[in-house]
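Each of the next two complexes has chain A plus one more chain, namely chain B in the first and chain C in the second.
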Partner chain A sequence: MKLRRLKAIAVKEILQVWRDPRSLMIALLLPFTQMFLFGYGVNLDLKHLPVCTFDREGSQLSQALFKHFRASQYFTITRNVKSYPEVVAAIDNADCGFAIVVPPDFSERLNDTGTASVQAIIDGTDDNTANIAFGYAAAVVEGYSNQIAVSWIDRQGKPLQQVQPMVVQSRVWFNEDLESRNFIIPGLVAMIMALVGAQLTSLTIAREWERGTMELLISTPVKPNEVMFGKLIPYLVLGWLDAAFCLAIAALWFGVPYRGTLFALFVTTSLFLIVVLSIGYLMSVLIRSQVGASQIALLVTMLPTTLLSGYIFPIDQMPKVVQDITYLIYSRYYVLIVKNLFLKGSSLAELWTPILFLVVYAAAVMILAARAFRKRLY
Partner chain B sequence: MNGIHEAEPQIITEDLVKRFGKFVAVDHVNFRIGRGEIMGFLGPNGAGKSTIIRILCGLLRPSAGLALVAGIDVAKDPERVRERIGYMSQKFSLYRDLSVEENLRFFGGIYRVPRSELLERMRFAIDMAGLAGREKDLVGTLAGGWQQRLALGCAVLHRPPILFLDEPTSGVEPTSRRRFWDLIHTLAADGVSVLVSTHYMDEAEYCHRAALINQGRIIAIGSPEELKHTALGGELLLLECTNLGPTLAVLQNAPGVLDCSVFGNALHVLVSDAERSLAELPAYLEQKSQRPTRLERIHPSLEDVFVQLIAVDMANRRLAA
Partner chain C sequence: MFARIIPIVIKEFIELKRDKWARFRLIVPTLVQMLLFGYAATYEVYHVSTVVLDLDHSQESRELVSRFTFSNRFDVTVARSQREVTKAIDNSDAAVALVIHAGFAELLRKGQSAPLQVVVDGTNSNTALIALGYVNTIAAGFSQEYATDLAERTLGAQGMRQVHVTLEQRPWFNEDLNGQWFFVPGLIGTLTLVIIVNLTAFAIVREREVGTLEQLMVSPMRPAELILGKTAPFFVIGLGEVALIVTVAVLWFQVPFVGNPLLLLLGSSLFLLSTLALGLLISTLCRTQQQAFSMNFFVLNPFFILSGFSFPISSMPHVLQWLTYINPLRYYLVVIRGTFLKGVGLNVLWPELAAMAFIALVLLGTSILRFRKSLE
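Up next, the complex of A and B:
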């Protein structure tokens, strides 16, 4: 491999990208828009779910229960109705995702037996929201019922100390506020970089075939490795820029805490970029058409990264077979790394396994790409 | 001149064959090109000219036969060949979104032209292409003739001893074509061997030797003079008459007539001895009640020769098939 030739290719590539608005748009604008689109769009947190209440008793106790719901940041009571059909209508029209019905004998049963039930109707079309809403509602009701229990026991004249139920004192580590954004956005950075990186390089070789410049290039003594590295290096620099944008937006705009070292982030991000850039390059070498190569590159980066990297969908909840497949997905390792760097502040040494996987992956794709580059027309 | 060229062959092919599936694009082609020689490849589109050139550049693998470029077997060691050749492909293949200077610098880097020489070589190429003052212009904005001369400049930047030019003058206006051929001659005079293809038949006159290629085969090869005098294998008469068909049928069996074909609204008659036929044919035709309005000897242009040779070749192929 001759440095002189590598440099000639790299300089040419930089000039071409600089003069090609399409490449520049992909490189600079896409990450920005994607970061904001997904950063705001993808949110698994439930807040201010519209609630419909149907109070069939209208007592002090039933109104106190609603007060607890009102106090919770997860619910907002938007509607108070007087009949079941109205409850059904509110849920059917998706005006409310959740309805609470207090029975007519609520206070009576509570005073007589110490227990009473309230009905919750949940819109289950979105099972994730339904599950979370149910969990939060149960917690709200439980809080209120504890309060009632305590006052009830108090009235019986028993000492409070004895009846204090068992309490779990939980403390959440790494994502203290359990913000789903903190969990999603580091993975989002990985997804955007996979998408943009592979898109950029998927055009490089195909463009030369389509414009007819490849025929001349392969008639020269240039080596496949010189072409590959000459073309990858400028895009690695662009990739660094993109990564810096994305990571800065994640940390500064969305306020995801970053606890690792910048050096660790630089090393691992570079590795990941090399993997995705090489994948795009490989597609370009194999397919020789810009449209075809960029479509396939999109398919092999975006799809597995979204579904199988653990960026949104946790890998350990997938069926065993699918879990095994995720080991083949390069983004799985970077998503893991970047989440750990952001939230746990892991060191490079702690992350050596996923790093090793990325190194192997990068080497494998590059060897494939260099071999696939043939200096023949057919 | 031929003797000198033959003495130092830079390109040798022996029974070179290229098949694409069942289609035979190059069919047992043999030729040699000497040092400083300009060899022209002529023939209709799809004749196999580009395919032969691409094999010699190592861009296509030959199906059979031997191709030596600068003494190196292209099929075995294309990389060593690539260091010794310059190539202009049929389709314009410089970077249109790079400037004149940037393209030259790129190929200078790819061929590793020594840095101390690079500026001087770039100057040479720019002057040769007549692009002084337009160094910063994007190549895509240049007119066809300039683009082609710049492509030639890029191809010779590293001083290759062998140059392959595939239809370098196609789509270029006549005055630019003329200038382009002057450049080729300047290079050849410095000892560069040039293989140039063209579908302008008249351009064969600019070559030291020309090979006429039809359907993958060389059907004639020689200097323009040789081709004009001997390639037809006889002498040519032009015959005009009122009814071509019957006259053609009669002539086919006439004594001394080797071949006869329709050429425009007249007949080309190939005879072994023009003087004799001019004297004897009118009587023979009269006997068969055919009266030509005009009969005379013609000194064929290369284009006439090629058209004639291709017509004969096609007829022979049809007979063989």
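Up next, the complex of A and C:
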């Protein structure tokens, strides 16, 4: 490999990118728009869920319960209905995701037996929202229950005994406020990098074929490896720019805490970029049309990264077979790395396994691409 | 008029028949994505990897731990020291750690408040939140029963009564809160959107690129007829795609379909009109297939994110929530989930259908106007 020839290819590629508005748009506009679209649009935090109340008793106790719900930031009581069909209508129309029904004998039961229950009717179509809403509602009711218990003991004039024998002292590590943004956005950086990187390089070789300049390139003394590295290096620089851009938006605009070292981020991001750029390059070598190559590149980057990288859906909750497949998804390793770097502040030494996987991946794809290129030439 | 449209429709179908890749592209990615989404896209939390450190070794602490072990939500492993606990959480070997300190049982027996320390890895806030909910439920159950026991033992049967209010969970439409029931029907909307917009945009741009669009223009056909002839086959393909996904959803994933199929057909037709118009509009903005490809990507991604397909609209900032109102997919998803899971009728879904019809009209109008201009 000669440095001079490598440089010549790289310079040619830079000029070509600079003059091609489409590549520039992908490289500069896409990360920007996607960061903001996903950063704001993708949010799993539940706040102000519209709630409908159906108070069949209308007692002080039931009203006190609603007061507790009103005080919670997770719920907003939007309507108080008087009949069951109205509850059905509110849930059917999705006006309310949640309905609290207080039975007519609520106070009586509480007086007689000491226990009573209220019903939470939840729109189960969105199972995740339903699950989280129920968790919050149970906590609200628990708080209410404790308050009633204390006031009862007070009234009975007995010495105030501990109401709650065991208390849960929970602490959340790494993402203390449990904000979904803090785990989605670092993963999002991985997704955008995968997308942009593969898109950019998927065009390079296919373009030469389509424009008929491939024959010219072959007739020069450049070696296949020089073509590959010469074409990858300019995009690596562009990728670094994009990565810096996205990571800066994540940390500075969205305020995701960054706890790792910048050096670790640089090393791992470069590795990941090399993997995705090589994948795009491989597609470009295999498929000689630009449209075809970029479509396939989109398919092999976007879909697995969205679904199988753990960027949003937890891998350890997937069926075993799917979990095994995720080991083949290169983004899985980088998603793990960025999340750990951002939230846990892990060191390079702690992340050696995913890093090793990325290195192996990069080497494998490059060897494949080099082979495929040689085969295509002769 | 029909005499001139039908040959175009036939021509489109012949082209599709000759293109062996087209059939592959219509069916295989759809099935692959259905399987991927059906099995991988889940927010459900079933196996919470949990590490337990019991420093009390009492009957009470063991009873508490066994409640977690037998709850089938927690995969419990035992740690021997605080360091092991910290390491397990740091290395993501465990998502939840429970620490019971020495003296736990003694505090309980004295009637004092005994702490159960819980550490949660918050990296995935969603999983953490759900896991924390499970922990609280089990802890509340333990606490409640212990209090009742204690009261009975110390004060006798007519002793001080415990007062407790519980919340009964009644999820409607999806009683087991099965995640597949949420994602799989939604795919009808997202997959047809992508496929139909792509097909339409590419078909027209290809003719423009190859130069056959000009030949069609010099034929006696009017622009409206040309548009109708070119888009009608895609409408049929779109309905076929919907049928394919509904079949797989119902037969393979066993998602219940409780509503009226005709209502879904009506909603799908209105939605397909919007997607066709969108494809047409994109085709007028692009001269090459490459441009169409990038344009599709830029346009379709926001449709997908801002639809409620996977991320609740109510959690978005207000500006984005307003944007969802011009997204036909938003309404279509309500119709799909309404017919699949809720079984609601026209009386509930008419606003969505009307909104889709309105969007389709506006989009079709603009795209036809633009298309005619681009021909001239």
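Descriptive notes on the structure:
Everything that follows uses one rule, which is that the second predicted complex is superposed on the first by the 364 of 378 C-alpha atoms of A that agree within 3 Å, B and C clash if a C-alpha of one lies under 4 Å from a C-alpha of the other, contacts with A are read in each partner's own complex, and residues count from 1 in each chain.
Note that in this section a residue touches a chain if its C-beta (ideal position, glycine included) is under 8 Å from a C-beta of that chain, and two chains touch if they have at least 3 such contacts.
Just so it is clear, the model here is predicted, and its values are computed rather than measured.
Superposition of the two complexes onto chain A shows chain B and chain C fitting side by side, with no clash. Contacts of A:G212 after superposition on the shared chain: chain B is touched, whereas chain C is not. Contacts of A:A8 after superposition on the shared chain: chain B is touched, whereas chain C is not. Using the contact criterion defined above for the overlaid structures, shared-chain residue A:K47 touches chain C, although it does not reach chain B. By the document's definition of touching, of the two partners only chain B reaches A:T220; chain C does not.
Put chain B and chain C next to each other and count what each touches on chain A; the higher total goes to C. Using the contact criterion defined above for the overlaid structures, shared-chain residue A:S72 touches neither chain B nor chain C, since it reaches no partner. Looking at the shared chain after the overlay, A:K344 reaches chain C, while chain B stays out of its contact range. In the superposition on chain A, contact is made by A:K375 with chain B only, not with chain C. Fitting both structures onto chain A leaves chain B and chain C with a minimum C-alpha separation of 17 Å.
Those residues of chain A lying in contact with chain C across their complex are 22, 25-26, 30, 33-34, 37-38, 40-50, 65, 91-94, 97, 110, 114-132, 134-135, 137-139, 141-142, 144-145, 148-149, 152-153, 156, 158, 161-176, 178-180, 182-183, 290-291, 294-295, 298-299, 303, 307-308, 313-314, 316-319, 321-322, 339-340, 343-344, 350.
Remark: chain A residues 2, 4-5, 7-9, 11-12, 15-16, 19-20, 211-222, 375-378 touch chain B in the complex. Looking at the complex, you find that chain C touches chain A at residues 29, 33, 36-37, 39-47, 49, 64, 89-92, 108, 111-130, 132-133, 135-137, 139-140, 142-143, 146-147, 150, 160-175, 177-179, 181-182, 289-291, 293-294, 297-298, 301-302, 305-306, 311-312, 314-317, 320, 334, 337, 341-342, 344, 348. Put simply, chain B touches chain A in their complex at residues 54, 57-61, 78-79, 82-83, 85, 87-89, 91-98, 102, 105-112.
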